[in-house]
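Got some structures for you, see below.
Same chain, two partners: subunit A is paired with subunit B first, then with subunit C.
The block that comes next holds the complex of A and B.
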């Protein structure tokens, strides 16, 4: 019987240790979930699906401002059933994941985290192995199978190009219009508030379905939207920690 | 010597062989130049299936090059010295396999002129980085391990005997090289599987068994190909001198390994059938009941494992050279088909990121350019092996023992035949 007691005590002790270790691991892993040095600002986007009409203005404005090949969409809009009588859409930019599979797998660190949470591509460093495309759960990356030459049909109707065209042989993706954010901040503007400093897709949206701002600022529109609404992210089960949040569309009878 | 003089005026099978390989290499060269010039747009690769035929060639040639580290470890670390001649052949095949893989990769990456970036800009967290580093380092090891083989080139021995002797001398370091080779190979052979195994977005791949299966199948396939190539060479030319008893013993070992490989592969599949798991179940069905069912059941399991297992474990068939060769060839083909199936199936099943949307399927079949360039990479491997047999005595089970002694006794003197 004593041996049983000992066993039981041992068992309890082990359990306690186990719990402590598990808690410790969790603390460590939540800290280590992003290799990104956390900067003062953490950019995020909130998309209100009840307002999105699927007009794809965002896609066009994105193609113009980032000078994208018309065959490629950094921001793509997918139909996703109906709520009441209304069609529901899922617009999908890059999720700028907190633990981005593309960054983790890149053999040359051509994909990397900025300290403001943006997942960036160094197009001059990329070797074009396409492992990031294999790893991205959101299909957010498109390879430049051919060089984009000639005129951009989205220009000037949807905006003017602000960045260099990517060369042939590298994958490309949404950058949260980092060029607008950086330039805007330098001018003392606030991204998400001043359109000059805000991603093109947010500015163009005719129904105001997109919000952009700093998660670290509790008064930013994204922080408030996240606080006041139920939201979800795409493929949350994968633990990628997307920085694009969706407010689900609700039917008239439900709201 | 007599042979070459006679062949001046007659078409020999050797010339036909070289001519055939030359045509394939030339058309592949044109295809390769087209790819560098026009870009990957002329392939059938898509954003859905960015890794296709060339990756399969790359994976397969690395897998089938695994005979080198396996046999070198057996000979120089586990003390199975009498298999030294087979390790020699395996080393040469390894060198060919790894250069084939390098060729395929250079062709496959979008910015081939930046291939050196992977050596300069490190992301130790990336499995592909680890694979690249290991492959580059191991290729270096293979070059050193192959030095004594190249030292057998008659022209070199005649014109630069000192160089030849120096190259032979690297044989002294074979045990150290075998240790480094074993370490590097264990790392990257498994990591190539893990390259797929860590991708959570694709549940068909996302499992720890990928690393184990890639490693195990590489050892089985690598040794099998080495033995097959050795036996084929001995049938085709008198330059290849073999000790059939050695080959038969190793072939028996391959038979036993196949039991392990079969066990792992079957459990890998069985365990996944138990519950419905989105994406994984679809992939598995694609492989076992869908368009790849023939590949899986016939090429991988039946012809790739069961048939050769019986042929190699059953003494009458194992001692029969024809059936042994058939068995070994089937093993190698089975491993190639496994690489193709694993790589492609994981990409053809497309997981939706939008909630509630169904899982869809895409398709891929290589374009003519991909086929031509791929064929040329294989032709390069075949040509290199036959040249090795003809000029470097790659398959010569009578040579090595005496050279061993010569090198040991008189390492500084020119080695002459």
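The block that comes next holds the complex of A and C.
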């Protein structure tokens, strides 16, 4: 009798421990999935607002290289007041957040982090619920209400398409030109240094206001720019950890 | 008797033969521009890159070896090989041959990688590449180097589209039409401080764009065929004098009387400014197709006239043969 009781008690104990362990593992793993994994390289962009003239070359090059519907902009440039006599502009690509709300809310894990910190989209997996579009505090995502057919007006003057057009019914956003980074790395090039491996918007910027590189490399131009300049990022208060940093135009008071 | 349709068919056959022969002959004569063809030409590239074909072949780079103005001047100077270094692609001075007429894909991109399109075409977008032809005597690098554009690290392709070999086109925000003419729109795209004044000036209303004053075309005395656009972008007194020469330093009695020289007509101003485009206003040579069409018409007429004789000759032959057969 006693032995049977003990056995039952032990069985219950073991079961409880097992459930607790399973739940704990689940909790830990789910917490880990809401933060970008830290791979060998961590791409980031630094935009110098004192150099930006608001010419929107970045937007045009982006439209061409990623074959974007002219109604959609992955990279927008908005005017934001003046400093002295100069207008100040805020170019806004995807921030590729360390804790990206869009990844967190995606019910089917179509939005995910790459090891290098790029927030990517699996268009085949996406069900078009647009949660990510609403969750993004930067308005970086746009929905494909219709299939993009016909000519892309930005081609060929501003570049050649390098990726497939997105289907109807999925949101899309800036990908840091992952195709250029991946192809460049495969050829032994350094993104941010060799133009073939660098995002199109960085290459085309006539004033060199954009820098791109690896945060893990202390000698990369972005690391140096972050080290040598006061920088801010958009909506730091939300704790999203954006990987796009801005060097404010001279005279701008940090808010 | 032949029916009308049969006669027309015979006439059409004449027309076709005449047109074909003329087209071949005229195309062969078109070799006023030196002939040479090797594989790996732009036609290979445009199989996939159709987007670039039209802008390139209509632009100055595509026409560099066939532009009538160039061919005239080149022939006048005794067809020097030195010109072909830049006006053709892959010119070899040793054999005086070249791969392709005009500034074709390979001139800037070089050879395609073996695994293209997996590997992209290489291209050097630095001014050094453009400078191989647009050198100091034909471009004015000294002027360019004092410009703010150069000092801020901008390069040729910032403003110029290398494929169409012209200024990049800028439309207004979100595809809206530009507020001023195209060249000024490109400048104002960055120089936004002038977006709210220049479009409303008399200059803009008269069709004077930014580059008309800020890029002088300096005559190159050594090489009459080329003018040097002043890329320092400084507007000089010469720029003003292009139009306002008669208003400058009017003589004292005029100043006292309050009469000044009449303003030149706006059209004349435009014509003065358009010196850069004058070279393109050469008469176009008649294309081989034009000759062929003319020959076709002649052939058609000839066929119509000859048809009755042909018919008679044919019937006689047939009759003759039948008689032979009967024998």
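The rule we apply is simple: the second predicted complex is superposed on the first by the 216 of 255 C-alpha atoms of A that agree within 3 Å, B and C clash if a C-alpha of one lies under 4 Å from a C-alpha of the other, contacts with A are read in each partner's own complex, and residues count from 1 in each chain.
Criterion: a contact is a pair of C-beta atoms (placed from the backbone, for glycine too) under 8 Å apart; a residue touches a chain by one contact, two chains touch by 3 or more.
This is a predicted model, so every value here is computed, not measured.
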item	value
Combined model on subunit A where subunit B meets subunit C, clash or fit	fit
Greater subunit A contact set [subunit C / subunit B]	B
First (subunit B), second (subunit C), both or neither touched by A:208	second
First, second, both or neither for A:87, with subunit B first and subunit C second	second
Which of subunit B and subunit C A:157 touches, first, second, both or neither	second
Touched partner set for A:115, first subunit B, second subunit C, both or neither	neither
Which of subunit B and subunit C A:170 touches, first, second, both or neither	first
Smallest separation in angstrom, by C-alpha atoms, between subunit B and subunit C in the superposition	16
Subunit B-touching residues of subunit A, taken from the complex the two chains share	35, 78, 80-81, 90, 92, 101, 104-110, 125-131, 133-139, 141-147, 167-171, 232, 234-235, 238-239
Complex contact set, residues of subunit C against subunit A	49, 51-52, 55, 119-120, 125, 152-154, 158, 161, 163-164, 168-169, 173-175, 189-193
Subunit A - residues contacting subunit C, complex	53-57, 70, 85, 87, 153, 155-157, 160, 183, 187, 195-196, 206-208
Contact footprint of subunit A on subunit B as seen in their complex	39-41, 43, 45, 47, 50-51, 108-111, 114-115, 117-118, 121-123, 125-129, 132, 195, 198-202, 347, 351, 353-357
